[in-house]
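See the structures that follow.
Two complexes come next, and they have one chain in common, chain A, joined by chain B in the first and chain C in the second.
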Partner chain A sequence: MNYVALKMLFGDRAKYLMLLCGLTFAVMLIVQQGSIFWGLMMWSQANISNLNVPIWVTDPGIAQVDEVKPIASTAVDRVRSVDGVEWAVPLYRGLLRARLANGEYHQITLTGLESATLIGRPAEVLEGRFEDILQPDAVALDQWAVERMGGPTVVTVGTIFELNDKLARVVAIAKTQKSFTNVPVVYTTYERAIRYVPRERRTLSYVLAKARDGVPVADVIQRIRAETGLGAFTEEDFGFKTIMWVLKNTGIGINFGTTILLGFIVGMAIAGQTFYLFTIENLKQFGALKAMGASTFTLARMILLQAFTVGLTGYGVGVGLATAFGFLTARGGNLPFAETWQLLLLVLVALLTICLVSASVSILKLVRLEPAIVFR
Partner chain B sequence: MIVMKRMSVWLAIAGVGLAAWVLMGANQKDPMPQPISEPPRSPYPHTVAASGLIEAVNENVRIAPPVAGLITKVFVKVGDQVTEQAPLFQLDDRELRAQLLTREAAIPPLQAQIEEQKYKVGDLETQLQRLRSVHDERAVSEDDLKRTWYALEMAKRGAQRVQATLKQAMAQRDEVMILLDRLTVRAPRRGTILQVNFRAGEYATLGSTEPLMLLGETEQLQVRADIDEVNAPLVVPQAGGTASIRSLADHTIPLTFVRIEPYVIPKKSLTGENAERVDTRVLQVIYRFERPPFPVYAGQQVDVFIERHPSPTSGETQPSPVVPTEQPS
Partner chain C sequence: MNDDSQPAAVRARSVVKSFGSEDTQVTVLKGIDLDIYLGELLLLVGESGGGKTTLLSAIAGILDIDDGQIDVLGVPLSNLPSSKRTRFRGQTMGFIYQQFNLLPALTAAENVAVPLLIQKIGRAEALRRARVMLNRVGLGDRMEFLPKNLSGGQQQRVAIARALVNEPRLLICDEPTAALDGPNGQKIMKLLREVGRAPDRCVIVVTHDSRIFHFGDRMANLTDGRIVNIEHIPQEGTA
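Our next item is the complex of A and B:
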């Protein structure tokens, strides 16, 4: 019977392809849009994930990573005093204007890393040596800063520019994830960052910390909150907080949500309609089978098999196309594209729902089918 | 199997395979890059962290000039061992020297006047004696005698006055000499010159934030640890501690408790700027330490960890005083 069902499905090549195309594009649309959406969300928290540090401590009222609320500089020692904290180092982060030699101005994010350890520095360096930022007036850029400031002909290792009227010399270019706002990041040491920025009463933006091995991070965070009165977050929580802020304050969530929903609806409509038509056109064959004594249950099983076969095939092709699209376009990091297995699983469930719904409509038709239809 | 004969199925399998391969590669998180030097870690399970400054055991002396003035000579250089009262530098003394000349010149005329007065007295005394020895009242009048006697007494008083003026002139000369001596600034105690922030020819002002010279004892060093006032109650006297120099965090220096400074002071920000940023107030604890095998210097910053015994009322039940409380609206 399964053979018959598949023969029926594959027999009509044109119909099969149409069915497959509808499902494929529905899957591709959902996966691609979902991945771009998630990629954008990853970008919005790039300023957290680029530093790659487990615990962030700052003012409890913080909304997102770029909205810095400076805290007293003794906070580092207070965090170090909390049980279960293995280490804690200061971090400066703030917006500043850089003036290039050609007279252009660029808004930049100044990131001041603790000078002795350089905790929070990017893992991959494209040019130069990151450790050289310990030299006088030395800074490191990320590759997006080079791109934004005019490309490697304008900014490269050895370029000199001004930060708040003070000299800055590029010694390294690091590879980081692009951020949502795409403000170029300039890395320097914490002490030097404070000299670059205009005077403020408080200068410490974040305390970066790590829990001791074997101590649950959640406990340490709870203790930091209780003992210092500061806000402490894991990297993931803080990233999620930032994502939620972006979703709440921009239209991105609604835009992408609509597109994904449309993809789902269009996919469902195409698949359902084509599959229903397919069943209707094969009604004679089903009728013959019924007349030969096949039970409704067997017929239903055949329909489901057909639906799931074409569904899974469409899913595979769609996922493949979307992945290939993402792989080819987003490899350089210029396009937000983050495919996750959660998304693929979700799409699979959605697709199977589409198949199930359209199959049930056809099954309903079959149930009411008179075997006599063959003779009409 | 009929399914396997279709191209679309193979495409589907390839698509899922590609997705799986990309996912495996893309969603791997890079581990954090190794810190270029170890971050300071507490050796104790419960700790109070502080930032400390290494200083000379007898607190450093910030040498100041007694008066504002031009510096003409510097007798010592950085690193010199000086004894108590050793001259450190010389302020411009020409004005006082000029004064001294006039003051000294004022003395010889007075001395000459004293001599002069002496002869005057002698002369009048002889006159009076001569007049007294004549017994004939017609030869010497009572009036002459009286007049000579008065003249003699006047001359004697005059001598006394000149004598006093001489003393005054000498005192004025001594004053200038003492003032001159004051312009040579001397070491108030034995020690090493840690800093010399001026050169000969510069003008020393009073009350500048940067000391002209820093004098300290570098043979024995101590650590002054700043503890946030919020953590101040957690520090118990005699608590053990360790310190580590920045960028050399894996070499810890064991500390011995000396004392807790009883007065909580505003934290000094070591940004090197002349205006002070007051963030918060800090409790200072003094620790002694043996010189470690690697070099340490007075004025170096250290990360300090002080041992803490967990209080019976843990921080989780007792809210921190800095937690913002809801304002009744």
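Our next item is the complex of A and C:
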């Protein structure tokens, strides 16, 4: 009877397409909105993930990565002295204004990396050599800085600009993930970074560290916290802390959460209702099958097969469309779009659940169906 | 045709069926006694609302009765649990409806194969047998047509083929000519009598159409929930 069930489903093309459209729209809406939301969250912690280091040591009261709370410069040595730490390096991060040759000012995030190792450097360099930032007055930019500061005709390798009246010469352009604030990032060495910025009592923003091989990272983090009194986080935990801060302190969480929830409810309601109506419209046909001797179990199996077939097809098409949207609009990292397997799995489970629920409601209707309906 | 000494294929005794409750309760069948024999075509006639379709549904086991007993082919149908009754119905009965009730997404051959598929017969074998049956009802050249591309008469022929494909012992027809014009109604009844009627099968036809009365062997008149008379219909050459 599976064959009959599928023929009934596909046979009325208009009804089937309407059903498929409802499910596809629901899936597409949820996956698209969910991916944009998660993409934004990824952007909010881009200043952590772009550096790709395992342990971040911070001021104990730190709330999120962009809210720098400087720590004493002795922190680097104190962290290095903690048992289980393989290495620890300083990191400067702060906001500054860059003045271009054409007189324009742009706010930038100055990132100072330890000169001996350049730990925290971007993995991919688009132009020039990143190591050249060791040269006098040399800096590297990320691709978003080039875009924000006027494009490649204004800023490129060799361009000279000023940071706090001091010369900065671009020697490399690196590829990074866009950040939430989209402030251009200028990389240089830690020592030069603190020369660029106005004098402050404390200039060390973070200490980046790594646990020795074989030593659990969680243990090392506990020791750093206990022995230095500083904050210490894994890259993931610091990223999560930043995401939670954004959700709590901006309207993004509520706005997107509402959109996704509404999309979910509306989408699933459309899906459930459409499928239920589809079954109700076929009730007389099911009544005829019941009169001909088809058991309720057989009919229930037919309805479940129809529900899951159309559900999975709608899921595939919906995810495909959402992915195509992401591919076309988020190409090059211009739009936040992170389609994760967790989101896809969640939507799949939700969709199959709603298919199961609407199929079950229809099956209940069938159980109560008097086959005598066919004589009316 | 029928021999009162042989056991009835359908034996209804004191059958009562009501709808609604308390003030709105309507008793549709008020103690029906009826025997239907193998080899005969019984017409069930009477005024609208007299209980014909209700009795048909009760005999088919798709409507529970309130009181009385219905035996079909020796099986006390009204005592069987619903699942067994459904299986029994699938194995022993065929149905022809006023509105045909063909599945619109299936071709004529596929529609005819449905009762066999319900009996878990393989699709290839079911379709083969369906094609044989369609040939018998004169639709050999319409096997792959969808119902919407067939005329009313042709759709009813498909319905007849579907009802007969699993060789039922009891063929139940509810107003089979009501949706057809006069000539087509005659053709369908002729076909039912030729193909449907058999020594080991009984056919029950509910009808209002007096133009087809001569196709029956007996005619039971059901009025106001009671069988008021049963008459033998003289066949051509025997009158």
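Rule of thumb we're sticking to: the second predicted complex is superposed on the first by the 376 of 376 C-alpha atoms of A that agree within 3 Å, B and C clash if a C-alpha of one lies under 4 Å from a C-alpha of the other, contacts with A are read in each partner's own complex, and residues count from 1 in each chain.
Quick note on the criterion: a residue touches a chain if its C-beta (ideal position, glycine included) is under 8 Å from a C-beta of that chain, and two chains touch if they have at least 3 such contacts.
For clarity, every value in this text was computed on a predicted model and none was experimentally measured.
When both complexes are overlaid on chain A, the residue A:L312 reaches chain B alone and has no touch with chain C. When the shared chain is aligned, chain C comes close enough to touch A:M8, but chain B does not. Residue contacts after overlaying the shared chain place A:R78 against chain B, while chain C stays out of touching range. Looking at the shared chain after the overlay, A:G293 reaches chain C, while chain B stays out of its contact range. Contacts of A:Q285 after superposition on the shared chain: chain C is touched, whereas chain B is not.
Comparing the two interfaces of chain A, the one with chain B and the one with chain C have residues 3, 7, 10 in common.
Chain A contributes residues 1, 3-4, 7-8, 10-12, 284-285, 288-296, 298, 370-372, 374-376 to its touches with chain C in the complex.
Residues 2-3, 5-6, 8-9, 11-19, 22-23, 26-27, 29-33, 35-42, 45-51, 226-228, 230-231, 234, 246-247, 249, 267, 269, 271, 275, 277, 279-280, 282, 303, 305, 308, 310, 315-316, 319-324 of chain B touch chain A in their complex. Those residues of chain A whose C-beta lies close enough to touch chain B in the complex are 3, 6-7, 10, 16-17, 20, 52-53, 60, 72-81, 83, 85-89, 114-119, 121-124, 131, 191, 194-195, 199, 201-203, 222-223, 226-229, 309, 312-324, 326-327, 338-341, 344.
The part of chain C that touches chain A in the complex is made up of residues 53, 56-57, 60, 62-63, 83, 86-87, 89-91, 93, 95, 97-98, 101, 103-106, 110, 114-115, 117-119, 123, 174.
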